[in-house]
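The same subunit A turns up in both complexes below, where it pairs with subunit B and then with subunit C.
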Partner chain A sequence: MLALIVFLPLIAFIAILLGAPARKTAIYSAGANLVLGIYAAVMRDCSCLDFSVQVLSKPEINLAFSTDGMSMVLVLLSVIVTLAAVLSGKAPAGRETLYYGSSLLISAGALGAFATTDLFFFYAFHELALIPTFLMIGILGRGERKAIAWKITIYLGLGSIILLVGLVWLANLAGTMHIPSMVENLSGENALDSGTQKSIAALLIVGFGTLVSLFPFHSWAAPAYASAPAPVAMLHAGVLKKFGLYGLLRIAVPMVPEGMQVWLTPVLVLLLANILWVGYVTVSQRRLDLLGNSSVMHMGYIFLAIAALVAFPENTLAKPAAILLMFAHGISIALLFGLADSIERKTGTLDLEELGGLAKAAPKLAFLFGIAGMASIGLPGLANFAGEVLVFLSAFQGYDPTQGLGSVQIACIISIWGVVISAVYMLRAYRNIFQGPAIPRTESAEDLTFMDRIPAVLLTVVLFAVGLYPNLLLNLLR
Partner chain B sequence: MNSAWILLFLPLVVAAANQLVLRKHSLVPYLSTASAAASLVISILLLGKEGNAGFDWASIGDFSLRIGIQLDGLSTGMMLVVTGIGTLVHVFSLAYMKDDEACSRYFTGLSLFMFSMTGIVLADNFIMTFIFWELVGVSSYLLIGHWYQKPSAGDAAKKAFLCNRVGDFGFMVGILLLWSLTGSLAFEDMREGMIRFQDANPALFTGLLSTAVLCIFCGAVGKSAQLPLHVWLPDAMEGPTPVSALIHAATMVAAGVYMLFRLQVSLGAELFEGLFASHVIAWIGATTSLAAALMATQQSDIKKILAYSTLSQLGYMVMAVGLVHGEAGMFHLFTHAWFKALLFLGSGAIIYACHHEQDIWKMGGLLKKMPITAITFLIGTAALIAVPFTSGFFSKELILHAAKESNMTLFIIAAAVAVLTPFYMTRLVVIALLGKSRSDHSDHAKEVGPLMWVPLALLAVLAVIAGWLSGIAPAQPAHAGEFHLNALFFISLGALLIGSSVAFILYRGKDRDPVCIALLRELFYVDRFYDNFLVPVFQNTVAAILHFFDELIINGLLVGGLSRGAASIGQVCRAIQSGKLQYYAFAVGLGVILVVYFTVFY
Partner chain C sequence: MPAYYLEALTITLGIILLVAEAFVPTKSKAWLGLAGSAGLLIVLGLLPISAAASSGNQDWPIWNFYQFDSMAVFFKGFALITTILVLLMSVDYRAILSRFTEEPQSENNTGEYYSLPIFACAGMMWLASAKDLAGAFVALELVTITFYILVAYMRRNLGSLEAGVKYLILGALSTGFLVYGIAWIYGALGTLNFEQMSDLLRQQAEMQASGPNTPLLFGVALVLIGLTFKIGAAPMQLWIPDVYQGAPSPTTAFLSVGSKAAGFVLLMRFLDTILLHAPTMPILGVLMILTIATLIYGNLGAIAQSNFKRLLGYSSIAHAGFLLLALSAYNWPADVDSRLNSHEVVSFYLVTYLVMTLGAFFILAQVRIQRGGEEISDFDGLGKTNPRLAMAMTVLLASMAGVPLTAGFVGKFLAFSVAVDAGLWAAISVALIGAAAGFYYYFKVIRAMWWNEAEGAPAIKVPFISSICISLLTGATLLFGFWPQPILWLVGH
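This part shows the complex of A and B:
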C-alpha cells in the first residue's frame, strides 16, 4: 500500500514520458494518491501497509516502507500538496512533460523519503526529488534562472554531501541501515561515546540544516522560490524542505542525543537568527518574493521545538508540536506560493509598489490570499496557530520557574516576537496588493477561475480543518 | 449548558453560512441580526446560571488544550452586555449600511465578531481566551478595513492589528509564565497551583507573579488601547460607525479589562494587593485616562472625540483593576458600554444625516433638526459626564472612591479627568447640537428613521437606569447604585459643574476653535514619534541593515565565493563536458548515491 503511494507518481511519470497526456495523468495520479493517502491514514495501524524487498544483501539494503504517526502526517502532507501543485500553475506551451513530470518526481522522492525505513533509500529518495527541482528552476525558472539553479545545486549538493558523511558514519557504527534498528543499536548501553556523538551531530545539523535553510545556510531559499515555477515552489517549500526537519527528529535526536545537546546553544542562536534576522530581512523586501524568506523564518519555530526536545528529552509536547507545525506550514506556504503565482499571472507583477486595490477586481483571490496570509501569521482557527502555540508550550514544559529562565525559554520568548514581525510583512503585503484604490494594472485583472480555485480551496479546507480541530491530526500521532 | 454552546457557535455558523452559502443574498443582514437577537435571548436565559463544560481541542498524551465554557456571574453578565449592544448595533446597521455595496461582507464580519467576543467571555482557560482574543482582533481588522479602497481605512486596519500583536507578544509570554507557575491553564485550577507555589517558594513568589501579571497586562494594553499602544483606537474610527460603537467602544476594547479582572478573580484578589504589577497597572490606567481626556479637548472630528473619550474611560477601568477594585472597574465597564454605544450610534446617526460629515465645526443646530437623536445623545452625554443619578455617575463614584482610598495622586488624576470629561463633551454638544448650522450638510439634516432611533432610545433608557442594575452586571461591587451625600459627591459635582460651564462659556456661539494647544492637537507627539522615529528606526532601518548584510556577507562573500569557486570548476568541466545544467544536476545525484553505496559496501 505504502509502496503503491510512493510508486504511483513514478509510474505516472513514466507514463508521461511514454506519451500519456501530461496534465491529465499528473492530476489523476495525484488525486488517486490523495485518496490512497487518506485511506492509509485511516488504516495506519494495519501491517498490511508495510512493504519490504531486499535489494542488496551485503550491506543489507531493503526497499522497505512503513509508517508511524510522524511519517504518516508527512505522507499526508505530500499527497495533499502534490495534488494542489499539479492543479496550480500553467505549464509553458510545449513543456508539459518536463513541468508535470518533474512535479511527480519531486512528489515521489518526498513520499519515498518519508515512508521508508531504510537509511539508504531515505537519502536516495530525497536526492531523487532534488534533481527535478534543479532542472525546473534552471529551465523554466524566472529571472536569473541559470545562476540560481547553479546556486541551489551547489548549496543543496554540499549540504547533502555533509549529511551523507554523517549518515554513513552512523550506519557503519550501527551496523545496519534499518532506521528503527539503528536507533535500538545506538541507545542504552550501546550509546556512542560523546566525542563521536558531537561530531556526527554537527554533521547532521549542518547537513539537514542546510536543506531546511537554517541560518546562515538559508540564502539559497529566497531566490530559488522566487525563480521556481509554482508547482516546484509549492512542493519544495511545502513538502521537500521538511525532509531536513524530519531527519533531525528521525535520525539525529534519537541516535545522537548527547551530541545534539552539545550543540543546543548554537542551534538556539541560529534559529533565533532565522526568526529575527531573516524576519527583518523579509520586512525590508518590496516584492511578494518575500514569501520565500517568510518560509525560511518559520522554520525557526520548528527548530525551536526540536531544541526543546533536545534540551528536555522527556518533553512530550515538542515532537507532536513540531510535526503539526511542519504540516501546517507546508499547506499554508503551498497555498501562498500558488496564489502568488495567480497574482503574477493576472497582473504581470509581484512588485508590491506596482500593485494596489486588487480586491475590487479579484475578490475571490483576495479572500483566499487573506486566509493564507492569516494562516501563516498564526491566526487561531487555521492550522499554523495550533502548531505554534504547542511549540511555545513545549519550550516551557518541565520548566521550573524557581531556576530562572533557561536558554530554551529565553529563545522561546525572543522567538515570540517573530509573531509580530510576520504580521508586519504579511499585512503590509496584503495592504499593498489588495487594499487601497484600484490602479490601472489591477482594475481589469481577472479573478480566479473555477479551475484556479480548486487547489486553493483544497488547501484552505485543510488549513481550516486542522486549525479548527487540531486533534484531527494529533490523533494520528498517538 | 447546551444553550451556552449554541450561544458560542451560532454566530460562527451564521458567519460561515453567510460567507459560503448566501454570499451577497439580501437575507444576509437579517440572518446576522436574527442570530444576534437569539444570542441576546439565550444570554438573558443564562443569567444566574453556573457551570463548566468543555472538550479536548488539541491533546497530546495527558496534556490537552480545551475549548471550555465557564458560566458564572461574570461571564453571563458580560454576555448580556455583548449581545444586548450587539443586537442593537445589528438593528441600527440594517439602516446605516443598507446602501453599502458590501453590506453582506459587513454583516458577516459582525457575526464573526460576535462569535469571537462570545468566546473570550465564556472561555474557561487562558489558551482559549488567547484564541478568541486573536479572533476579535481579526474581526476588528476586517471591519475597520471595511472600506478598504480608502487608503486610510486599510492603513488603520493594519495599524490596529499590529498594535494588538505587539501586546499579544507579552500576553503569550505571560500565559507561558503563568502556566509554569501554576501548572494549569484553566482559570478554575490556577489559584490552587499558585498557592502551592507560594507555599513552596515564598521568597520568589511575588516577583514571579508580578512578572507574569505584567506580561499578561501587555495583552490588555494592546486590546484596551492603553498607553503606549493607544494609537490604533482613534485611527480605528475609519470603520463604519456602528462598528465603532460595538467593537471600539463597548465590547472588544473592554475585553482587556474583563481579562484582567478574570485573572484577578481566578487567582484571588488578595494576591494582587500591594503587588508591583498592580501599581504599574493602576498608573498606566490613570495616565491613559488623563492623557486621552486632554487629547479629546482639541479634536474636531466627532468620532475622534468619542474615541479619545473611550480611551480615557478605559483608563479609569484599568486603574480600578490596578487598585484591586476590579468590581468597580467592571461596573464602569457595564455602564460605559451602554452610554458609549449610545453616543457612538448617535454620532453615526448624525454623520448619516449630515451626508458623512464628521467635523463638528461644520455641524450645529442639530437639536432642532433631529430632536430624537439629539436628545438621546444628550442623555448619553449626561451619563458620560456623570450627572447625578445617571448610570455613569454611580460607576464613576465607585472608581473615584477606590482611588481616594488607595492613593492620593491617583485620585487627583482621576478627579482631573472628571473635570475634563464634561469639558470636552459640553464642547461637542455646544458646537454640534446647539447654535446654528455651519454647513449645507448640517442644514439639510433630517431625523433618521425608526430602525436607527429605536436602538438609540433603548440605549438612552439603559444609560439612565444601568446604575441600578448591578444585579445583572458582570460584577456586583458593594454599594453599587447607592447615593451618599459625602465629600466625594461634592467633589464630583464640582468637577462636573466646572468642566461643563467653562466649556459652555468658551464655545457658545463660536464658529471656530478659540483654543489651540498644539501639544494636544498633535496628541503629545506620540503618533509622530512612532511614525517618524520608532517604526522607521527600529523596524525599517534595522530591517534594511540586516537585508544589506544578508546580501553582502552571506550571499555575496561566503556563499558567493563558494559558488564562484564552484562555477569556475563548472567552467572547466564545461570544456570537457557538455556544460548542460541537467547533466550536472543528474551527475551530482548519481555521484552521491554511488558514494553512499561504496562507502558502506567497502
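This part shows the complex of A and C:
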C-alpha cells in the first residue's frame, strides 16, 4: 500500500515518458495518491501498509516502507502538495512532459524518503528528487536560471555528500540499515562514545542543515525559489525541504543525542540567525521573491523545536510541535508560491513597486493570498499558529524557574520577534500588491478561474482544518 | 571441462578470425566483429561449467601457475562481457575506422581491429587466473602490446598516432618498473609464486626477523608503480587524457574498462600475497597516499575539460581513485559475515563502472560519427533532437556522478562505507570533494544536452546494435540502482 503510494508517481512518470497525456496523467495519479494517502492515514496501524523486499543481501538493504505517525503526517503533506502543484502549474507549450514528469519525480522522491525505513533508500529517494529540481530550474527557470541551477546543484550536492558520510558511519556502527533497529542498537548500553557522537552529529547537522537552508548554508534557497517554476517551488519548499528536519528528528536526535547536545548552542545561534537575519533581509526585499527567504526564516522555528527536544529529551511537546509546524508551513508556503505564480501570470511582474490595487480586478486571488499570508504570519485559526504556539510551549518544557532561563528559553524569547518581522513583510507585500488604487497593469488582470481555484482552495481548507482542529494530525502522532 | 580451455578457445577464436579476414574477401568487415562477439558469447556460456580441476588432471603442471577461484571466474566473465561489448561498438564505429586507414573508401584495412581485442581478452582472462608474478607479467604484456596496436589503429589520424606513441613510451616505462620490481622481489624471496611468497613472509614474520626487508619493499614499491599505469592511478596517470582522446572510441572504452579491471585483479592478488601474513608492511599507507593523489588529479583535472572523451579520461582516473579508496581499506570491515570486504567492493564497483562507462562510450561513438566531434558542445540540444538518447545519457552520467538509484551510487556507497570502517578520514574527505566535483563536470554534459539549443545539429540515428546495447546498459544501470543483488551473485555470493 505504501509502496503503491511511492511508486504511483513513478509509474505515472514512465507513462508520461511513453507518451501518455502529461497533465491529465499527472493530475489523475496525484489525485489517486491523495485518496490512497488519506486511506493509509486512516488505516495507519494496519500492517497491511508495510512492504519490504530485500535488494541486497550483503550488506543487507531492503526496499522497505512502513510508517509511524511522524512519517505519516509528512506523507500526507506530500500527497496534498503534489496534487496542488500539478493542478496549479501551467506548463510552457511543448514542455509538458518535462514539467509534469519532473513534478511527479520530485513527489515520488519525497514520498519514498518519508515512507521508507531503510537508511539507504531514505537517502537515495531524497537525492532522486533533487535531480528533476535542478533540471527544471535550469531549463524552465526564470532569470539567471543556469547560474542558479548550478548554485543549488553544488550546495545541495555537497550537503548531501557530507550527510552521506555521517549516515554511512552510523550504519556501520549500528551494523544495520534498518532505521528502527539502528536506533535500538545505538541506544542504552550501546550508545556511542561521546567523541564519535560529536563528529557524527556535526556531519549530520551540516548535511541536513544545508538541505533545510540552515544559516549560513541558506543562500541557495531564495534565488532557487525565485527562479523555479511554480510546481517545483511548491514541492521543494513545501515538501522536499522538510526532509532535512525529518532526518534530524528521525536519525540525529535518537541516535546521537549526546553529540547533538554538544552542538546545541551553535545551532541555537544559527537558528536565530535564520529567524532574525534572514527575516530582516526579507523585509528589505522589494519583490514577491521574498517568499523564498520567508520560507528559510520559518525553518528557524522548526529548528527551535528540535533544539528543545535535544536540550530536554523527555520533552513531550517538541516532536509534535516540529511535525505540526512542518506540515503547516509546507501547506502555506505551497499555497503562497502557487498564488504568486498566478499573480505573475496575470500581471507579468512580481515587483512590489509595479503592482497595486489587484484586489479590485481579482478579489478571489486577493482573498486566498490574504489567507495564505495570514497563515504564514501565524494568525490563530490557521495551521501555522497551532504549530508555532506548540513550538514556543515546547521550548519551555523542562524549564525550572529556580535555575533561571536556559539557552533554549532565551532563544525562544528572542525568536518571538520573528513573528513581528514576518507580519511586517507579509502585510506590506499584501498592501503593495492588492490594495490602493488600481493601476493600468492590474486593472485588466483576470481573476482566478475555477480550475485555478481548486488547488488553492484545497490547500486553504487544509490550513483551516488543521488550524481549528490540530488533533487531526496530533492524533496521528500518538 | 578444465578451466584453461577457456583461454585456449579464446585465442583460437582470435586466430581463426585473423585468418578468415585474410582469406574471405568481403566488402564489409562487420561480420568479423559479430562473429567475434558470438564466439566470445559461447566462451562466456562455458564459463559456469568450467571447473578448477577435474579428477583426472589434478596434478597437471599447468595448475602450478593457473588457478580458478571465484575471483578468477568473476574477472574472466568481466573481461568477456567487456570485449563482447567493445566488439559490438567497433562494428558500429567502422565508418570512422576506415576513414583513417589506407584506402579511406573501403574497409579493407580494418579487419584486424576485430581480432585484436580477442587476444587482449585472452590476456585478461589469464591474468585473472595467474598464480605467480611471471605468468601475470606475460598475460599483462599480452594485453598491453595488443593495446599499443589498438590505440594507434587509425594510422592516418595524427591524434591516434600521437596517442599510440605516448602509450608506447609510458607503457614501456611502466613495464620496466614492473619487471624490475619483480626481479627485486625474486631476489628478496627466491620465488615468484604467490603462495610461496606468502608462506615465506609468514615464516619471516614468525621468526620476527629484525627490521623491514628493504629489498622486498623496494620491489613491492616498483611493482605498485607499474600497476598504477594499468589501473590509471597516480603516479602513472599522465598518459590517460591524451591517449583516451586520441585512440578510437572502442579502444578507449576497452582501455578504461578492461585494462583497468585487469590491473585491479593483479593488484588485489599481489596485495593478498604481501599483506596476508605481513600486515605490518607499510603498503596501505602508500596506497592511501596514491588514492588521495589520484582523486585530486582526476576530479580537479576533469573540471576544466571541454572535450567529452578527455573528460571521460579524467573521470576514469577519478574512478580509479574511488576503487583505490575501497582497496586501501584492505582487511576491512571486521564483520565480514554481513558486509562486503574491500576486495568484493572493488569487484562490485567495477561492474557498475562497466555498465555506465561502456554505455556512455556507445553514445559518444554515435555522436562522433554523426555530429563529427567529441566536444561537450557536440551534445548541445540532444535533448530536443533525440530525447530518448539524451535520457539514456543522462542516466549514465548521473550514475557516474553517483546519483542515488543508479548503479554508480551503490558502488560509491559501498566504497565509502568500507573506507569509513577503516577510518581513512584523509582519503574520505578528498573523495567527498571529488564526488562533489563529479556532480559539476558530469552535469556539464547533461546541461549541454538539455539546456543548450542545438544550432542545426542533426538528429542522431542510432544503429540497431548500438541501440540494443545502449538500452541494455542503461537499463542495467537503473536496475542495479534499485536492485543491486545480481551484481552480488556475479561477485560470487
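The definition used in the following text is that the second predicted complex is superposed on the first by the 478 of 478 C-alpha atoms of A that agree within 3 Å, B and C clash if a C-alpha of one lies under 4 Å from a C-alpha of the other, contacts with A are read in each partner's own complex, and residues count from 1 in each chain.
Just so we're on the same page, a residue touches a chain if its C-beta (ideal position, glycine included) is under 8 Å from a C-beta of that chain, and two chains touch if they have at least 3 such contacts.
This one's a predicted model, so the numbers in the text were calculated from it and none came from an experiment.
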Practice task
Mind working out whether A:264 is in touch with subunit B, subunit C, both or neither, as first, second, both or neither?
Solution key: neither
Practice task
Please indicate which partner A:157 is in contact with in the superposed arrangement: first for subunit B, second for subunit C, both, or neither.
Solution key: both
Problem - First (subunit B), second (subunit C), both or neither touched by A:419 - result: first
Problem - Winner by number of subunit A residues touched, once subunit B and subunit C are compared - result: B
Practice task
Check whether A:27 is in contact with subunit B, with subunit C, with both or with neither, and answer first, second, both or neither.
Solution key: neither
Exercise for the section: With the two complexes superposed on chain A, say which partner A:469 touches: subunit B (first), subunit C (second), both, or neither. Expected result: first
Practice task
Look at A:57 in the shared chain and tell me whether it touches subunit B only, subunit C only, both, or neither; answer first, second, both or neither.
Solution key: second
Practice task
Report for A:123: first if it touches subunit B alone, second if subunit C alone, otherwise both or neither.
Solution key: both
Handout entry: subunit B versus subunit C as contact partner of A:175, first or second or both or neither
Key = second
Practice task
Examine A:211 and indicate which partner it touches, taking first as subunit B and second as subunit C; both and neither are also allowed.
Solution key: neither
Handout entry: Common interface residues of subunit A - those touching subunit B in one complex and subunit C in the other
Key = 58-59, 120, 123-124, 127-128, 131, 134-135, 138-139, 146, 150, 153-154, 157-158, 161, 164, 168, 171-172
Exercise for the section: Name, in rising order, each residue of subunit B that touches subunit A in their complex. Expected result: 56-63, 65, 127, 130-132, 134-135, 138, 145, 148-151, 153-155, 157-158, 161-162, 165-166, 168-169, 172-173, 176-177, 179-181, 197, 201, 204, 208, 539-540, 542-544, 546-547, 550, 554-555, 558-559, 562-563, 566-567, 570, 581-582, 584-586, 588-589, 592-593, 595-597, 599-601
Exercise for the section: Would you mind writing out the residues of subunit C in touch with subunit A in their complex? Expected result: 333, 335, 338-340, 391, 398, 403-405, 409-410, 413-414, 416-417, 420-421, 428, 432, 435-436, 439-440, 443, 446-447, 450-451, 481-485, 488, 493
Handout entry: Contacting residues of subunit A [partner subunit B, same complex]
Key = 58-59, 120, 123-124, 127-128, 130-131, 134-135, 138-139, 146, 149-151, 153-155, 157-158, 160-161, 164, 167-168, 171-172, 177, 216, 218-220, 277-278, 280-281, 283-285, 316-317, 320-321, 357, 359-360, 374, 378-381, 385-386, 389-390, 392-393, 395-397, 399-402, 409, 412-413, 416-417, 419-420, 423-424, 427-428, 431, 434-438, 469-471, 474, 477
Practice task
Mind listing the subunit A positions that touch subunit C in their complex?
Solution key: 17, 54-61, 63, 120, 123-128, 131, 134-135, 138-139, 146, 150, 153-154, 157-158, 161-162, 164-165, 168-169, 171-172, 175
